[in-house]
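In what follows, chain A forms one complex with chain B and a second complex with chain C.
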Partner chain A sequence: MDFFIQLFTDPVGFYNQHELLIAQIGINAILAIAIFVTFYSGQLTLANAGFMAIGAYTTVLMSLYLPTPLPLNMLGGALLAGFIGFLVGLPVLRLRGIFLAIATIGFVEALRLGVILNVPITGEGQGLKNPTADPLGGILPILISVPVLSYLVWRLTHTRLGQAWAAIREDELAASSNGINVPLYKMIAFIISAVVAGYAGALETHINFFVDPTEYGISRTIQILTFAVVGGTTNVVGPVVGAIFLTALPEIIRWASAYRDVVNGVILILVIIFRPQGIVGRGGLAVIAPRWWTRWRSRERPASAH
Partner chain B sequence: MTQQVLNAIFIGSIYALFAVGYTLVFGVLDVVNLAHSAVFMLGAVITYSLVVLHGMPFLPAALIAIVVCGLLGLLIEFVALRPLRRRNAPPIAALISTIGLALIFVAIVEQATPGTPFSWLWQDGPNSVRFPTEAVPNPTYHVAGLTIEGTKLGILATSVVLMLVLGYVIRFTQVGRALRAVAENRRAATLLGINVDRIFAATLFVSSALGGLAGLLFGLAISDISPYIGRDQVELKGLAVIVLGGMGSVPGAVLGGYVLGLIEVFAFVRFGSNIAAGVAFAALFVMLVVRPQGFFGTRLRERL
Partner chain C sequence: MSGLLQLTNLKRSFGGVRAVDDVSLEIEEGTIFGLIGPNGAGKTTLVNLVTGYVRPQSGSIRLQNATGASELARRPPHAVAGLGVARTFQTLRLYRNLTAVENVLAGMHLRRRDDTLQQLVPIGPLLREDRRRVERARELLERVGLPPGAFGERRAATLSYGDQRRLEVARALALNPHLLILDEPAAGMNPAEKDRVRALIQQLNQDGLTVLLIDHDMRLVMGVCRHIAVLNFGRKIADGAPGAVSQDPAVIAAYLGTQAQKSATHVPGSEALDVAAARPSSSGEPASPLLEVRDLAVSYGAIQAVRGVSFGVAKGEIVALIGANGAGKSTILNTLSGVLRTHAGVARFGDLDLMTAAPDRIVRQGLVQVPEGREILARLTVRENLELGAWARRDSRAAHGEIERLMQQFPILGQRRDLPAGQLSGGEQQILAIARGLLARPKLLLLDEPSLGLAPQMVDTVFDVIQTIHNDGVTILLVEQNALRALEIADRAYVVETGRILLSGTGASLRRNPEVQKAYLGG
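The block that comes next holds the complex of A and B.
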């Protein structure tokens, strides 16, 4: 509770005290935007942790070995992630549903275990030191990126491109028989998602002094997925809200710090059972009453009428 | 080299047992049960705690652990899966609720140290332990220059027998026919008078019991029992195995388990341990791109 009291009574003190948390919330929100793009086009891809790793490693390696300025390094990381996304997408996007999800998980783990841990330039299992990191200066770009990217993606979903994605999501066969180039639009969504995830990875290394290969595994991927599903994927606000909620949750439930994951798990289950469309889904923010509640209410009502 | 092949067969049996449970749930319920790896871990943890903390002999302890794991399967069905079916949630929702359960199971074990509410279950927190050597009889045989440990022979025998039994039940008994009917078409099965919910519960029970058994065999063979063995060692490899064999195909999962064991051992011998870890996922990726239906899968339709 202290967390919320301070948020409203002392925002400046709150910001100073929770800078790292706020930065992490921002990065997770960007990752949630990345997975939203593929979700919106009806594809369950779980490759974002891998693209993050590409963005992070590229940025740090460029700042270590090249005289380029930092923004260019970040751009390089994001673009390389997009390019790898294109290469991976070529074979993988023919798959659908759970098969696509598993293939992209395979990509993430093969990249981490097979490539990053075996190529000397990435520091292998040791990780990579990032001397140019700037934990405090890095927060501002993150906080600017979240609303800007949300707005861009929100606009994008209202263009012809976004309509094509929605059509593919609803019915791929119908979309393609209406002249929508399904593979092309799927690929565009996948690449945009990869670029955004790579950008999030680049931003994240900028606030940490260290690139840790264990960060970019399956647990990260699943975390990003839960942001999107818990938040809801009908519009871009959902995943962002999910990311904010789930990242801040450990702070909110400090009193249960030892059993944090238990509370986390309970909340995941409750949200998914009572709000399967996510926190921000159809029906706005209203919480659907559980069935036993409506039943109990309808039993009580005649009694109270008398 | 022959020794390596033997090792591949032992570890392959464990992968196969684990993956059979995974694939059974996917085939019948169309759900990827990500709590399966937590049940795998609990199979090892419960056996360990019964043997070491409560002084039981190994075999009854293992039996109790398997039954408890089966009951945990029912818990998964009633807490994480059935409420979602009632609400017609998309299948991806079940992915999230089973992740939630897995988080809870792992956190309970990882936080259990002496003096905490769960100290009767586990006392080593996040650390890794092994069965004491005197608790499990382990005669070692030397045949033609090969070292064969008794426990590993037991593992092989147990898993082969169980998989044969499971195959028989699915193919030739009334329950198995009902199971296949539900897997084929849930609605039609309901119309034919099959109690679909009961079949689902039975599937979860059998699947989780097999998962728990795989976990305790893993603890026995690899001598590594910790809250993280499910998540780190088999969760994704299990996915790789059922994709190799064909999602939802039980014989495919068995074959996939042995194939993955072989691939890993050969990659280890040929390229060293670093690359071997990534090989499983490279194989998974290639298989999905080249032949997404796996070795045995025939039907390939959108399931999500």
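The block that comes next holds the complex of A and C.
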């Protein structure tokens, strides 16, 4: 409760006290935007943790070995993630549904166990120290990026491109009969998602002093997926709300910190049962009304109403 | 007049079945070309070959348009669409969660300028462009008979079957095509609606569009087409003017089967009302019904689909619910089988309260539904589909014996036991769906539109199957568009219109009742 009281009575103090939490919320919101782009085009991809790793490592390695300025390093990280996304997408995007999900998890694990832990320049299992990290200065770019990216992706869903994505999500065969180049548009979504995830990885190195390979495994991927599932994927606000809610949750329920994973799991299950379209479903923020509740209410009214 | 589309020696087979076998034909610019044939003749495969969904094993497909001739074989579907070939799908393929207007807007993809960057900062001229596009989409909806005021903002999935078909045509037109391929645009429609489809096709053709029409309704095809080709078992058996084709003995044999005489009386409107009322049952409600429904009401959001319906089915009867599209027939069945939930009214099956019982319990008690559109599992084989039908049963050995018996009883299934069910034709899939329903050992079988989209010959086969099942002691509740055919086998029937029961009586008496025709034909 203190958490909310402070948020409303003393926002400045709240900000100062919870800076790292706010930064983490921002990073996760950007990752949620990344997964939203692929969801919106009907693809269940779980490769985002991998693209995040590419963004993070590239930024830090460029800072360590090249004289380039930091923004350029971050851009480099995001673009390389996009390029790798293109290469991975070529074989993987022929798959659909759960098969695509498994193949992308395979990519995440191959990247982490096969490349990062075996190439000396990445520090292998030791991770990398980031000389340019600036935890406090790093928050502002994050706080700016979240609304900017949300806006861009929201607009994107209204373009010709976004319309094609929606059509592909609803029915690929029908989409191609409307002249929509399905493989091309899926690839574009996959690459945009990779770039955004790579950018999130680059931003994150900025608030951490250390790049840790264990951060970019399956559990991270699943965490990103839950943002989208809990928040809902009918528009970009959903995953962002999901990310904010689930990242802040451990702070809100500090008193139950020993049961954090249990609470997370229970919330996920409750959302899937009672609100399968996510917190932010069709028609904006939803009131969670379970089926027995509406049934009970309709019984209250006389049966011969008409 | 010149050939717009030319197919030469086109061949395609699936696992030994020659779906399209050496077919050549030419479609002239500006014509309405009909493609007919019994179920499984290869019509839809031919459409899939032309539109790039299936690749031909040999042969060529040439499209002549303003910019010159292009070869369509081995082009991906979106490229074929780009050359001005639009199509609809036999099995509806709308963007179900998008609104009607959004569906049509997606169809305009190729005509929309790539505005990805400009849309990021939406300003004046772009908004005007958006508005114009929506305006155009609404015009197209109006044109196919879906007033945009009432339908534009509704999600495609909430539209009735006939309206979904119309929406698909509007979406195909959004491409601004040279050639429009309509794969069974009138399937599942009543005669009045079919007349509207016919008028629409003629109007589109007058506006300069070449149409390739595939349908089972001979009245529609013969009435509207200038040239007709007939397929049977993948081969073209006739090609010419409608008059000549309908006289061709090979066509009559292939299309109408040996029961041609019988089939001819099924054309709604040509019915001679001379069947004797030889049925013993009375027209009254059954005294101790197996199924009893009272004051059932169902609504989808604001739309009331069923408004206080009461009826009963006694053991050993065939009862039919007939009526036009969107009358609420399927909704009633879905409520009885527990797929759909409502809270107004009473529905009892023996001792079971159907309003609260779980769907699996309803099935175990012997009330089994064969859903509209068959709902077979396309990737599983025929045998696997049947095995799933017996899944809820404990006596697996007896069930296996029954599966074998069913495959003998319906050789169509026996011969195809190891083929994926998705490769069966519509009629074969319907028989599979019924056989699957039988494996749950129903006391009461709910059949939802068993003749939907089937050729007359196949309709006969399916109705013969229904009779056989009934003779084996299964009670049947039948929902049908094909009213006259349903009344022929039904003991009693109810005419449903806009969610209410309009008329009821014995099958024979309703057949003679002019009110039925009126209710049904919308006259």
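The working rule: the second predicted complex is superposed on the first by the 290 of 306 C-alpha atoms of A that agree within 3 Å, B and C clash if a C-alpha of one lies under 4 Å from a C-alpha of the other, contacts with A are read in each partner's own complex, and residues count from 1 in each chain.
The rule is simple: contacts are C-beta pairs under 8 Å (C-beta built on N, C-alpha and C of every residue); 3 or more make two chains touch, one makes a residue touch a chain.
The structure displayed is predicted, hence computed values, not measured ones.
For chain A, the partner touching the most residues, choosing from chain B and chain C, is B.
In the superposition on chain A, A:R260 contacts chain B only, with no contact to chain C. When the two structures are aligned on the shared chain, A:I218 is found in touch with chain B, with no touch to chain C.
Contacts of A:I105 after superposition: chain B is touched, whereas chain C is not reached. Of the two partner chains, chain B is the only one that A:V230 touches; chain C does not reach it. Of the two partner chains placed by the overlay, neither chain B nor chain C lies in contact with A:P71. Of all residues in chain B, those touching chain A in their complex are 32, 34, 79-80, 83-84, 86-87, 89-93, 95-97, 99-104, 106-108, 110-111, 231, 235-236, 239-240, 243, 247, 274-275, 277-282, 284-285, 288-289, 292, 302-304.
Across the interface of their complex, chain C is touched by residues 152, 155-156, 158-161, 163-164, 166-167, 170-171, 173-182, 295, 298-299, 303, 306 of chain A. Those residues of chain A lying in contact with chain B across their complex are 44, 91-92, 94-99, 101-103, 105-110, 112-115, 117-118, 124, 218-219, 222, 225-226, 229-230, 258-262, 264-269, 272-273, 276, 291. On chain C, the positions that touch chain A within their shared complex are 51-53, 76-78, 81-82, 86-87, 89, 93-98, 102, 105-107, 109-110, 112-116, 119-122, 171-172, 174-175, 295, 297, 304, 307-308, 341, 343-345.
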